[in-house]
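The following pair of complexes shares a single chain, chain A, combined with chain B in the former and chain C in the latter.
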Partner chain A sequence: MTAATSAPARPRAPRAARVVPLSAWRLLRVELRRNAMPWILPLIAALFWFDSYRPSIQTEPLYVIRTFWNLGQGGTIIDFGPFVAAVAAWMGSRDGRRRLADLVTATPRPRWTAQLATWAATAIWAVAAYLVFVGVMFAMYARQGVGGAPPWWWVAVGVTGVIAFSAAGFAVGVFWPSRFAAPVAAFGSALILLMSSRTGFTHTSGWAMILPTNSNGNFQNDSGISYPWLPDLPIARIMFLAGIAAAVLGVTGLPARAGGPGLRRAAAVIAVAGLALAGTATGLASSARLTAHGMAIPGLHDAASDAPIAYTPVCGHAAGVPVCLNPAYGRWLPAITGALAPELAEVAGLPGAPARATQVATGYTGGPVAPPGPPVATGAAGPPQALTLTGQPAVLRLSLGMLNMPGPCGFCDGPVNGTQFAGQVRLMFAHAFVGAGSAPGSPAQRAVQAALLRGAGIPFAAQPLVMGHTDNFPGAPRSKSATGPIYAAARRFAALPATARHAWLAAHLAALRAGQLTLKDLP
Partner chain B sequence: MTAAGLHRPAPGSPPVHGPAGPAATLRLRAAAGWRLTRLYLVSRRVPMALVLLAGLGVLLWAALRWRWNIAGGAAAKQFIPLTIETGAAALIAVTTYGPFGEPERAAGRWLPVLRLAAAVALTAIAFGLLSAGAAAAHIADGGAAAGVLPGGTIALLRNLAGMTGLGLLSAVALGGAFGWVGPMAYLVVTEAALAHGSVTPWVWPTRPPFDRGAAVCAGLVIAAGLVLITVRGPREPGGDPGPA
Partner chain C sequence: MNVELTDVTRRFGRTQAVAGVTLETGAGVFGLLGPNGAGKTTLLRMMATVIPPNTGRLRLLGRDPGGYGPRREIRRRLGYLPQSLGYYPGFTVAEFVEYFALLKEIPPDRVPQSVATAIERVDLGSRAKAKLRTLSGGMLRRVGIAQAIVNEPELLLLDEPTAGLDPEQRVAFRALLRQLGERATVVVSTHLVEDVGAACSEVTLMDAGKIVFHGTPDELTARGQGPGAVGDAPMERGYSAVLTAARAGSGSASAVA
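Now for the complex of A and B:
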């Protein structure tokens, strides 16, 4: 025996109280085991495959395009939301349906905390399923070699959306323990999501940017390819959806049977805080402005998000001219070099002929909601062009984010074939080379453009069709026939020997680009 | 308190004190039939379903009156009316849940007839209410084309009938309380089909109102739903006592 045992016992320091008692974990585990959500997940998986995954693989293998519908327009939330809300309503109405409300109110654990455990289990199942389904979808994309970076912020928005719908549905079930609670929650969620889409299609700025299925401003062109996905709008939406979730869950803790006064006060605080968060998020979204890289919210914007994504380009050659692309577009390098080669050979050695071609980031241009692709013409300046020539020595700048690349398209009438794509690239190159810019060009410029195209293998008769198929091409012809004075001059010019054309262009290209030549000046 | 009331024969029971005339028997049978029907409808929460269906009619009226259309062409304009039709089908399907289970099945001779009649009557009432909502919107809009239900009442009848059939099939497969699952899943499928231009007749809302294939498919589904809900009834819940 030591002195220690005979020493007066010191009062034992109180053990630090657990933040979440063990019994709460046990309760959560029980709720996870007894939850109805797993039973609906196979159906959601089937709908997710049908509605979100299957259509996306018919589009170009770029994340910004693959995920435009399912994450940008909230397709995955539409697949989950109504069913999650309905099952949450079913779970929320459980005690009421079983006539156990009075019984569980008498248990030591406050009713509200028990209800929160039920909701948490429901939400955990739903969120876990959402993450697994999206994860599998991204894994499939990765196997298919989809280019660019996944829009992780938009996945987080989807997760928060699932939580918000589970909370809203749960509240419906708590306050209305009826057989109709689940279908009404499902129907209400579907209607809200459709109304959100409807508003999103018509409101491209302001408060409507907060709506979860409004795809304006963050799913265009080269997001995740040339520059990062801007997190501003997703953060605002996460705040909004989390605020909604907190508000409705707080409201379920307000009735007298929910718990003691302290707990009900806490529920009220949570409800008010949730509303404040949702309101703040809406205010932030209202201040969003469109930048070249997407929607920026001054109160949330981090300048570091504007830094371009560094990459090692993939390069090839077209008629001896180096052509370098973002690796996300690497699969189309042969198509690009093949399309450019005939015209680059035609203009080789001329002043202003490109010394190299390089891909550049495509900026956001706003306009009505549209999938990634050609920007909408704004103002009198005409639409920005996908191919431009700048600098000395000239560099051909390729804004490929504006183009529908060869292969499956998904957002146009049908797949783009190689000939179509080559025709469009050649048309835009010729248009840039004659200096027409975003305008249709002078008659002389259009005649030379037609002759260059003819030299690159596009017959005059086919040119109006190519122009008609090229989105936003300035001055698309009203007539489908290659007739009139411009084509007459073009035919005359094209009939010259190649060396004569080359010599004439070498002498007159500067004047042609300046718009100083008329059709009569052409040989 | 007396026991006098207990000696009163239950409506529909055979007469105790001597033979009654055929008229009295008929009256008693009619009273018993009415009581049985009323109890059946109350146990299925049909009154609440009627209130909710009327609400959907009002919602359709508001959607058409104030043109809550989704931008994007004729297909997109169907989304909101279609969602409302789905809601109606889901409500009808959920009314099939019965709270009494085996005892009712064992003793309820008229149960299949009541199930069939209730499903048909509710579908007809839902069609009437939604048609009335659409007509009211059209009239309030001064007959303008924008206030018209896409596809008209023929498409409404086809879509509602087909989706109600799906709801009844869901009730047979999953239980009455989960009858909403079929129509809601079908809504998502239809929405995807409309968005991506699919036109199989099995997704009948994507087809024109007088399309024969779509009408046949929707008709087959409602027929199958009615037959199965009549013959088999909704699936009985296992451990869960079900909804109120």
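Now for the complex of A and C:
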């Protein structure tokens, strides 16, 4: 073939530096407009409502409880992950499925950068949807008066999780441009999340703490109420998920068709850096240890995170005794004052009676966080108690994070009603008042405890049931009947006139608390 | 020369798709004719820098596409319409052409005008906002042509560009080809010899991966006077006569310039 003429090369304007980002933005805009992700969002929204929001409103209106399943155990990531991975795989396989591979290859823009624009649009839609869904959920919580602070760090983990699943799904589509890439990516993601969840249920330490579905040591106590949500583990998980995302996206830039040598080298560096980041994060998570405020990672921990959250308490009175709570628990103030009032009235004026009651933080290591001063009596070692008496004059310390508050519970057999709650509070107060501490208590202490409960309106016959239903109560009876020498002594003591009981307690309370009295010493 | 191929070969497994092709082209419209499996599409894919040759030397627009930098420069100046063009069904005509304008690294401030011009040149201005899934096969082919010419390429490679076009559109398209060929090298692979006759200044005929004829459309038509000629149109008879002679092993190389 001979040439008719030789075409002169046309001069072209030099490409300004700002052209590249502007061009990338326009490319991203086109991809955003025509991305497949919006089509799947209604389905994710329905699943999110059914799986993440709906069960949460059956639990106590505290962020730390409400978000236990949907953020702590990764419910929101489970709702999003497989679908996001599937759509990302669909988008990643687009050029191959649509027989456009030759055409896009013959363009000067490096294939990898164009693919990254497609992925970015997919990820932006997914992340925006995640933030909107979680935002709407939190707005609903706010309308419902949910107490405490939202776990923003865990939201960030969810966002990074969505990004990681979109990147992984996209890589599947790039390397396997088939219509089956999407279902395979969805199935694979679901399988990974299922295995991750199962591992999270059983592993409370070690490498498994890096899994975004592992809630051990981070939810269900007073995070966001009395002390901040510790960011240590979320930071490690963000590093891990971001590392995974970077690694798989970097790998998509390695093939020869992805771009020039420089770009492919950059892709390799990104892939290796992503792997290093994920590995480092796993190492950090392995070093996590449980502290009173949650999982702390020595390499990431900032002491400022341990500072308690300052708050103005909400206060009421029970039999003239001031009772002050964290505002997050404010809705339950009437239930608590109502529960405490009969017993506080009964012990009013006694030398060991509490001058006030105040809420204290519940820690993850069990029981109240660092109570100042020694308790009135510790007794033998046993489970930490939600109500303790400390100091002189005595202060009743309420570690409400250990209790199931009245109303929906979610993690109980059913809702906790006011009578059940009052019974448990009164039992724990009486137990603390007689000085039994974390132990079942001496027979004399248990007899006086029973008599105090009887005076507070809990019949002897009902007491074994209340004890059986109270979590961590150390003196649960073996028998469901209120019989035996302890209850005989209790009935005898309770039969005394109130003034006589009061006078006896005034004289013998110190000895009773010290465990020096026997049943025979009771009047 | 805008296209210089020297003894280029390309093999897919045991199949020799292109077997030692040598040709040179400058500006103008060049027809690439041949039966199915002759190697036309493979040759175009190599010229489009989609696949490299196994052996031989390839220079496009004065550059060696073997190096990444030169290859990118070539691609900036290249327009390509594959034989089997896919599309993104959810894109509009304008978005699809804009997408490829951006992939071709047209400066962003010039993109809207370039897109509008390309769409007008294929007579799809009234359907610019139509989704691709709503278009007929012929319209989709014109969209493919629009994306190929959006960057005003210096080398335009069109594989079966008139497939699916109605006669009126084909006439308009040939006019467009002639216009483009005034300053660019346009290589048109086709089965339709009338397209070659109407639009091309030169024609190459391939068979079994080799060039068996190169000349003007009139020279190809003249071959129809010889033995083995079949067909209704004069150029068709030339086409069949050349193929018959080539397959008999008697008339190929001498015709190649």
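The criterion applied here is as follows: the second predicted complex is superposed on the first by the 489 of 523 C-alpha atoms of A that agree within 3 Å, B and C clash if a C-alpha of one lies under 4 Å from a C-alpha of the other, contacts with A are read in each partner's own complex, and residues count from 1 in each chain.
Convention: contacts are C-beta pairs under 8 Å (C-beta built on N, C-alpha and C of every residue); 3 or more make two chains touch, one makes a residue touch a chain.
Quantities reported herein were computed from a predicted structural model and do not represent experimental measurements.
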Which of chain B and chain C A:114 touches, first, second, both or neither: second
First, second, both or neither for A:511, with chain B first and chain C second: neither
Chain B versus chain C as contact partner of A:22, first or second or both or neither: second
Touching partner for A:307 - first (chain B), second (chain C), both, neither: neither
Chain B versus chain C as contact partner of A:348, first or second or both or neither: neither
Touched partner set for A:47, first chain B, second chain C, both or neither: first
Partner chain in contact with A:182 - chain B first, chain C second, else both or neither: first
Contacts of A:98 with chain B and chain C, given as first, second, both or neither: both
Interface residues of chain A shared between complexes with chain B and chain C: 97-98
Of chain C, residues touching chain A in the complex: 1-2, 23-28, 30, 45, 48-50, 61-62, 68-69, 72-73, 75-76, 78, 80, 82, 84-88, 90-91, 95, 98-100, 102-105, 107-108, 111, 147, 154, 183-185, 201-202, 204, 211, 214, 257
Contact set on chain A toward chain B in their complex: 40, 43, 46-47, 50-51, 55, 69, 78-79, 82-83, 86, 90, 93, 96-98, 177-184, 186-187, 190-191, 194-195, 197-198, 201-202
Chain A residues within the chain C interface of the complex: 1-7, 9-10, 12-13, 15-16, 19, 22-23, 26-27, 30, 33-34, 36, 94-95, 97-100, 102-109, 114, 259-261
Complex contacts: residues of chain B adjacent to chain A: 45, 48-49, 52, 68-72, 79-80, 83-84, 86-87, 90-91, 93-95, 97, 176-181, 184-185, 187-189, 191-192, 195-196, 241-244
